[in-house]
Amino acid sequence: MARQLVFGLALTAALAVFPLFSPWSTVILTVALCEGLAALGIMVLLRAGQVSFGHGLFFSFSAYAVAFLAAARFGHEALVLIPLGMAASGLLAALVGLFVVRYRAIFFGMLNLAISMVFFSLLEKLFPITGGADGKRVPRPTFAGIEFGREQFELATFYLTLLLCIVAALFVARYLLSPGGKALEAIKSNETRLEYLGVSPRKVLYGAYLLSGLLAGLGGAIIALVSGHVTPELAYWVRSGEFVFIAILGGIGGVAGPFLGALMFQIIRGYAAVHAPETWHAVLGIMLLVIIFFAPAGLYGIVAGRKREEGGR
Amino acid sequence: MPPEMLLLAALDGLAYGSLIFLVAVGLSLIFGVLGIVNVAHGSFYAIGAYVAAASVLALGAAGLPTWLAFPALLASAALVGILLGGLTEALLLRRIYGKEEVLQLIVTFAVFMILEDAQKVVFGVQPYFANAPMNWLGTVEVFGIFYTGYQLILMPLVALAVLLGLRFFLRRTSFGRAIVAVTQDREAATAMGIDATRVYLITFIIGASLAALGGALASATTSLTPGIGAGTLVLSFAVAATAGLGRIEGAAVAALLIGLGRSAAVYFAPEFDVLIPYLIMMVVLLIRPQGLFSTVQTRKV
Amino acid sequence: MSGVILKADDLHLRFGGVQAANGASLEVAANERIAIIGPNGAGKTTFINLCTGYLKPQSGRVVFAGQDVTRLSPRAITRLGIGRSFQIPQLFLDNTVIENLLLALSAREGSWSPLLAMRRHPKAGEMWALLELVGLKQIGNRVVRELPEGMRKLIDIALALALEPKLIFMDEPTSGVSSTEKFEVMDTLARVLDARATAAVFVEHDMDVVARYAGRVAVWTGGRIAHQGTPEEILSHPDVRETVIGVGV
Amino acid sequence: MKTMKLATAALAGALLAGSALAQDKPKELVVGIATFLSGPASVFGVPGRNAADLLIEEINAKGGVLGVPLKPVYVDEGAGTNQLLSEYRRVVQEQGAQVMLGAISSGSCNALAPVAEDLKVVNVMWDCGTQTIFEDGKWKYSVRTQAHAGAEMMATLLYLMKVKPDFKSVAVVNQDYAWGRESWALLQAGLKALKPDVKVVAELFPKFGAPDFSTEITRLSALRPDVVISTSWGGDLDTFVQQAAARGLLKQSTFVLPLAESSLERLGNVLPEGVIVGSRGDHYWLHPKHKNTPDMQAFVKKYKDKTGVYPIYPTFHMQQALTGLQKAYEKAGAAAGGKWPSREQVIAAFEGLEFKSLTGTITIRQDHQGLEDQLLGTTRRVPDYPFAVYDKMALYPGKLVTTPIGEKSLDWFAKVKPDLVTDKSIETFDYAK
């Protein structure tokens, strides 16, 4: 636990000072943190052995919710829009969760994929409402009542995001150690026994699904604000796949993993975009293979060392 | 809407369904035997298409007779299946069979990302097509509407041949039976002297070749552009999951269902045609979580 | 019979051409200990599965504490107070022994606050005490996957006991336990069951264990009870000696 | 801990890599170019990049812009809008780009315009077509060096009315995204004004990147509309035309394909005679007035030598953007007394700028929208090439077909008068070797 805290603090501190040195990194880091949040949601589900290939649904749903609310001049304030976007995804997760928690393994993944693809198709189809494939612009809202310029807004959003990520990570860490988190792991290791403890695996998974939907929603809400534009691509299955990719890349051993993975993902993507603009997918793919075959515990596993997983971690 | 329009819509759905079937049945077969949902399947489809188009164009450039294009399509599919499929299985998948499903899925996802770019580097980004085989087969007239013989007759025939061929192979040949045995109980099959490693490799190659065959057939009617693999993959996921993963005949029915559903949508609700496959899949999974043709298996305690 | 807490009545279940339950009936009184014996394939485990909701009978019913539980899920039945252990231990292999038990405790107590660390559960001491009772305290912090089968068997039973059931089904509690420790284990179990006034139904192949710990014995063949009675009656019964114990002993 | 330090160091290195500030007469002028390097639209993006490489080399060989060589940095539009936005920022802030060329997709342009304002960087919209950019918004730092969708669709309509005045029914098959939808909305508004009695028998919007149009073609075959319009492009257009041609649909209806110039060479003998084609502007490598100019011949030869194919419209759009940029810098430099102009001076120089492209003259209006002529034609097979070429061409002056400043294209289309079809300023040409 102490080790994880030290690591978390170091990571946070490193992140907190970066934008001061290189202003242009603010947005990229914020984007990475947003993807980290979604990947954290994926990690929660991975603890139950379930993989969702459709979390782009919640990511994009809150992003579009924010876009619509901001365009409607309703709650034209970042500190209102973010929780509203998150709540929208939470509601959707509460609804979708009712169905998907009945499924396991590949069917869980496929059903999530299907639902997100329906939403993706709708975003593209309902052109008059959603702007189709070109998406919607998100006007820059006020931040705590202040009309910031671009740079200040980006900086403020970054620090807010960092703060929210810490809160989210700490909460998820606590949750994973709580009986509910342990029951979640039990779905992966022995669902039958869980039933025979009088626990409903569906309810346990439902809670986790809700949490993961909220986390992805939080990420989506912020990304809508910080990039000022939303497109259906946020809901495409490849995007959902990236979240899983990031979670595995970072490692699911600790809550810092997904964020580490997201940062690495952005760095590789940024570098590849400069030096190999036509083959950055391949670079990422090779990187992932290397991680899976040579460091299966992910980046977090490399950094934190391979420690026996016990209660505290 | 005159009644013959229904028939016309059905004919379109048949051709479309045949194509998706070829891709989906490979996906389904691989899942049934190896237990892996192969995301790289979309790339096998795309690369199969590119290789086929390239070889058909090369034949044309060499001034050889057009009918040679048909064996060239088959050969391209087999080449892609054996080379790419074989390498993927032998170099990567073989090392992770014991691991979690998620990791296996992600490995194929990584392969998909790599192959998508590889395809771009090799074949470029300009649309690519080789329509000689389609034009060579001419057209067929139904109720005053012209259809290409290629889509209306050849594609469904190939799909049917693959379906019957797979059935025969799995039920009547000793290697096919070995595949079925490994699917049902790997340990018992290995104890009986079946080489599971070989079964996995060959199954994966067959599955990959089927995807490549789908691509090869599509190359005559469709312009190949970057990204065709991703779209086809999701569609064949939908078919395979609707059918119940691992179900070969089921994949045929589901592909037909989705093909017909889609073409009906173009007539009656054109705004919904892209939603149809996913809606069918969702409805089926909500009613029958294990897919149309699978049976529930209870764990022994 | 007074104080019947479980009544399984004429259960039938057929799958894959096998009549796994063919008129299976049994009554269990509070605080009673019943051994089920019978050859492999007689439908003993199926009977437990039927009584605990894992399988649903095609006909017949199960009544527990005055409530029809035939169609209920294992989860609901567990909550009503029926516990069970398994022939092959069903555990959370990647967790420690105490975590396994604490999860059961949390389930029993309904403690699902996401901010409560499970290892700091206010009643965690109770689980350590239970571990001590079954002699597993020293391995409480070991990961289950590393432990031998015999120990897993015990943990499996402890997990069921942690829920404080009124009735417990145990599927071959002593299989995998070395013959020297068998009686020790069963002594401990009997003590816990008596102390908690828990009724028990257990499947057993060792006739010495049956003779010593069962109040009543039911002989299972062909998916139903063939004979039942006290251990003395049953173990001396000629048919039983031949069909059930016969070759083995 | 050691590994962590390493990781942190790597992160720092990645993020801290230099940030050049604008100076007086820089060593090089970094031009960020957003273009599709992946995805289906790379059929335009990659030719655009190839042309840029070639043209920048040429400009630099002649001493660059005001003596400063250009350095292109490419950004992939195909990576998705969010990724594009952060890359765009990075190129401006980290690599010190003073000018950005962005982008191809209207969606990207919509997303980039406000970012360019934020970053105060000159943004030349080098290929995107949506008319709404400058009709619905005012962007100080963005400018467009080619026509918009309004001009393109208006010219298309006028040409259709000219060559096939008697059509009674129309069907449309457009890609299902903003361009497909918006271009149809414009055409529909114009049709209503010019030919109110025409019947729209089918509006089909197949999925972007659809591999199969069989059902759509069956429906069109059954409906037998006089005219089939499709503003599709790239692989979608190729697939649609191929499948339609194989089934005789191209002979049954008159096809109007305003973007087909970019597919002519690829489609080879698939495209029959009599199809109405366009190229989103006046550019065409066999332009009746300019095909024999030395500049055009040199460009076509260089491009063909480099890529093996004839140049298509995005390469001309790139040429216009880079030429416009060069001229704006020269104009601003002269105004600044030979000093290196600031970004604000450059963008101001764009207003009212007139410059020659390979096929005509581009004028940048006060609203930063370019005026460009429009060339349409009807396909004809000639022995000179193994693919169809333009015949019966009509050249529409940009002024005639572009929505006036302050008006919205949709409203302007709704009140267009039929006499525009025969306006005297329209020049016509036939194919000549």
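As written, the chain order gives the labels A, B, C and D, with residue 1 at the start of each chain.
Basically, a residue touches a chain if its C-beta (ideal position, glycine included) is under 8 Å from a C-beta of that chain, and two chains touch if they have at least 3 such contacts.
These numbers come from a predicted model, not from an experiment.
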item	value
Of A-D and A-C, whichever chain pair has more C-beta contact pairs	A-D
Label of the chain whose CA centroid is most distant from the centroid of chain C	D
Centre-of-Cα separation between chain D and chain A, whole angstrom	36
Centroid distance [mean C-alpha coordinates] between chain C and chain B, Å	49
Computed distance of Cα centres, chain D from chain C, in Å	76
Mean-CA-position distance for chain C and chain A (Å)	43
Contacts with two or more other chains, residues of chain D listed in rising order	37-38, 176, 207
For chain A, residues contacting two or more additional chains	121, 124-125, 192, 278, 280-281
Multi-chain contact sites of chain B, meaning residues that touch two or more partners	117, 120, 271, 274, 301
Footprint of chain B on chain A - complex, ascending	46, 49, 51, 99, 102-103, 105-107, 109-111, 113-115, 117-118, 121-122, 124-125, 192, 237-238, 241, 244-245, 248, 278-282, 284-286, 288-289, 292-293, 296
List of chain A residues in touch with chain D within their complex	7, 10, 14, 18, 21-25, 27-29, 31, 121, 124-125, 127, 131-135, 137, 149-150, 223, 227-229, 231, 233-234, 239, 260, 263, 267, 269-271, 273-274, 277-278, 280-281, 299, 302-303
Complex interface listing, chain D residues touching chain A	3-4, 7-8, 10-12, 14-17, 19, 37-38, 73-76, 79-83, 85-87, 89-90, 92-94, 105-107, 110-111, 114-115, 118-119, 130, 176-178, 181, 207-208
Complex contacts: residues of chain C adjacent to chain A	52, 54, 73-76, 78-79, 83-84, 86, 90-96, 98-99, 102-104, 106-108, 111-119, 121, 141, 143, 159-160, 163
Residues of chain A that touch chain C when the two form their complex	171, 174-175, 177-183, 185-186, 189-190, 192-193, 195-200, 308-312
